[in-house]
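One structure, as structure tokens, below. Some questions next.
Per-chain residue numbering starts at 1, and chain names A, B and C are given in the order in which the chains are listed.
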Amino acid sequence: MNARIERDNVVTQALGQIGNCGVFLLQILAAIPRSLRYGRETVRQLWFVGAMSLTIIMTCGLFVGMVLELQLYHVLSMFGSTSMSGTVVAIATYRELGPVVTALLFAGRAGTAITAEIGLMRATDQISAMELMAVDPLAYVAAPRFLAGLVAMPLLCCVFCALAVFGGHLVGVSWLGIDNGTFWSNMTATVDVWQDIVSGVIWKSLAFGAVVALIAVYQGYTAPPTSEGVAYATTRTVVASSIAILALDFVLTAFLM
Amino acid sequence: MNAAASPDDTLIRIRGLTTVLNGKKVFDALDMDIPRGRVTAIMGPSGTGKTTLLKHITGQMHGDAGQILVDGRNVPDLSREALYALREKIGYLFQNSALLTDFDVFENVAFPLRQHTKLPEVLIRNLVLTKLQAVGLRGAAQLMPSELSGGMARRVALARAIVFDPMLILYDEPFVGLDPIALNQVLKLIRTLNETLGITSVLVAHELEAIKQVADHIFLIANGKVVAQGDPRTIADDGSPWTRQFFGGDADGPVPFQYPAGDYAEALGFPRSGA
Amino acid sequence: MSQRKSYAVGTGLFIVLGFAALAYLATQTSSVANRQQGASYTVDAQFENIGQLKERAPVKIAGVRVGQVQSIGLEPGKSVADVKLAIDKRYADIPADSVATIFTSGLLGDQYVGIEYGHSKDRVADGSKLALTRSSEPLEEMLGKFFGAGGAADNIGGSYRVTARFSNVGSLSAGSPVKMAGVPIGQVVSVQAEPAKLDALVTLAIDNRYNQIPDDSAAAVFTSGLIGSQYVAIQPGGSPDMLKNGDEMILTQSAMQLEDLIGKFLVNGSGSSDGKQGANPPTPPAGKH
């Protein structure tokens, strides 16, 4: 009995959150024209969410490429087609692993930082102070972070994918002895710019960037102004982003490919 | 400039303001006239809605009924743009300073200028340093907010609030947590700003002695209404039970100690004795 | 102020790095790397069957990419596909009687249009038509002979057993189907090594319904597709006597020969460089899995 009430609450709460999030998205979108005058702030946020995430993205991209190549080499050697392993690394990374892993890392690295920062700004009245200085916090705080997330994700994803290919090349060609020429010629013969790079890397990561940035900003904006509230909001950013990324990935894959 | 623009010497006119928050009537048909160019103090037991009243004046919150005319315009009716234009002319000093933690002291004070003007860097620098000099913190321009004491942070916030030469400054409990020296410094600043620039000041505070030194007029609000008002020297003598309790600091009187609650005995699980 | 500048510079570097990575992915690891940029002219070709040909598929001469498929359309009322080929301006000297053929890169690869030069002195011009085309069908038909489809036959009518010897059965195992003309007619009962004769003895159970198989028919080990499972295909002979229970089939064809045959169809092999095709027949039977 109690458990059911609890579950209903969880479901209605989740739906309510999604609804509020949608309204918040509209508010941010409406604030974007006004936020253009704060271009400097967007640049600064791009530095924090994008450039500062490069290390983790590059490291992870490299290792993902290396381990994929290693696994694929062993499986494909059964069919005598190890020279295709680089191609599979590229396609798997461009279509799925690149956008998804980058987005998950991005949520953990940049999303939490955005939530905690905005949550603390609210808790210490900085948001109200901006309102009272006639600076719209939606345009000055929310929109630049949202835009920065939107721009940073595809760029980070490209870097991730490039390093994954590099890692695959390192393991496949330098260590396992696949021929360098076949490695590249198979890849260039198979990877399609539109199918794999544009609708994989670019569209997916744009969508994930928007979703993660929206969730992070929303959670920070609505966090209760207490230390516990901010901590909880930060956790929720990671949980909600991860679920949203994987669910959206399925939908996008179904529609794009 | 504003004093000349309007012959009316009431800057803020509140009529019939009624606000219900969480089922509690915070304001009940409140009327209040705040004169232009003077220092007005608003006092009252904590939780009566003094901060809420300031939020109504700046349009952060809207009441359920009533008018708040600031400089002749009704705040709840203003469009976003008009409201923001009005806020540019209002300085607000937060209870907890609310400095932007990303920026140093200089950039905090420069923030409103950078957002609303395209002044050359030299001019911004001069304006900011002038205001910092006024609050005595020109030397602290490069410090970050986390490196400031409470009193310093409040003075920086004050410098930020006056950087645009507003027509009105709202102070929310500016003296709380200040040592006597810092308190007197802030007090002196409020008076100087009012005397030299003619800025209308609205002061929410509990420190009666301090207020007596600076305020021209005091409103005492309780139970959502103005229960007493007048000159600082004479207000305590009007003989109403509210002023007697508040200015006398008595624990007993019309101001309840308890937040409204259900029956105590019932809450503790005892059978009702009376019924 | 200086703080702010460093953000701008760092952010600028980040954006440049991101776009450099994108440019790298797009130009070095994708089909763009194979694509000639520059002006092209359009040539029409009509095919009866384009198979799996897609837009942007390559057009090749002698295996070298010279352009791409621009569009594929179907003329209403006609059962031929209109394919427009965009060919690089540099390759303007294609004889008008050249033949456009739809090929497959490897067995599993994508299809492309190959142009074989004719002898005419006339050259194809922008908007003209290549009259001679060969559809993708012949290749598939040829392959179809080697790729039976379907599973094992049901065994309702009882079965009779025959044996056959192979020098190499590949990965054939008990339970593999036995097919004739691509239709399952039975299954492999056992595969045993015969140490004395150095070959494999395979026992086949063939459904009683199919008792009209000439006794000089050949048994061959084939593969369904390149990496599919193997099966025994029966190719009927001309003898008036029919196979009976316990007979041995004399004419057999081992598994390796199929791979040789396929080698011939890997027109443009996608580069399995590890010399597997055409290997010597006596590789151990269980070499593949």
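Going forward, contacts are C-beta pairs under 8 Å (C-beta built on N, C-alpha and C of every residue); 3 or more make two chains touch, one makes a residue touch a chain.
Remember, predicted model here, so these are calculated numbers, not experimental data.
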item: Arrangement of touching chains [line / ring / star / complete / other]; value: line
item: Chain occupying the middle, per Cα centroid; value: A
item: Inter-chain centre distance, chain B versus chain C - centres from mean C-alpha coordinates, in Å; value: 82
item: Chain centre separation (chain A, chain C; CA means) in Å; value: 40
item: CA centroid of chain A to CA centroid of chain B, Å; value: 43
item: Per-residue overlap in chain B, given as positions that touch at least 2 other chains; value: none
item: Residue ranges of chain B in contact with chain A within the complex; value: 58, 60, 80, 84-85, 87-88, 90, 92, 94-96, 98-101, 111-112, 115-116, 160
item: Residues of chain C that touch chain A when the two form their complex; value: 4, 7-8, 10-11, 13-15, 17-19, 21-22, 24-26, 28-34, 56, 105, 227, 270-274, 276, 289
item: Residues on chain A engaged by chain B in the complex (per definition of touch); value: 120-121, 124-126, 128-136, 140
item: List of chain A residues in touch with chain C within their complex; value: 40, 43-44, 46-47, 50-51, 54, 78-84, 90, 94, 151-152, 154-156, 158-159, 161-162, 165, 179, 182, 184-193, 196-197, 201-202
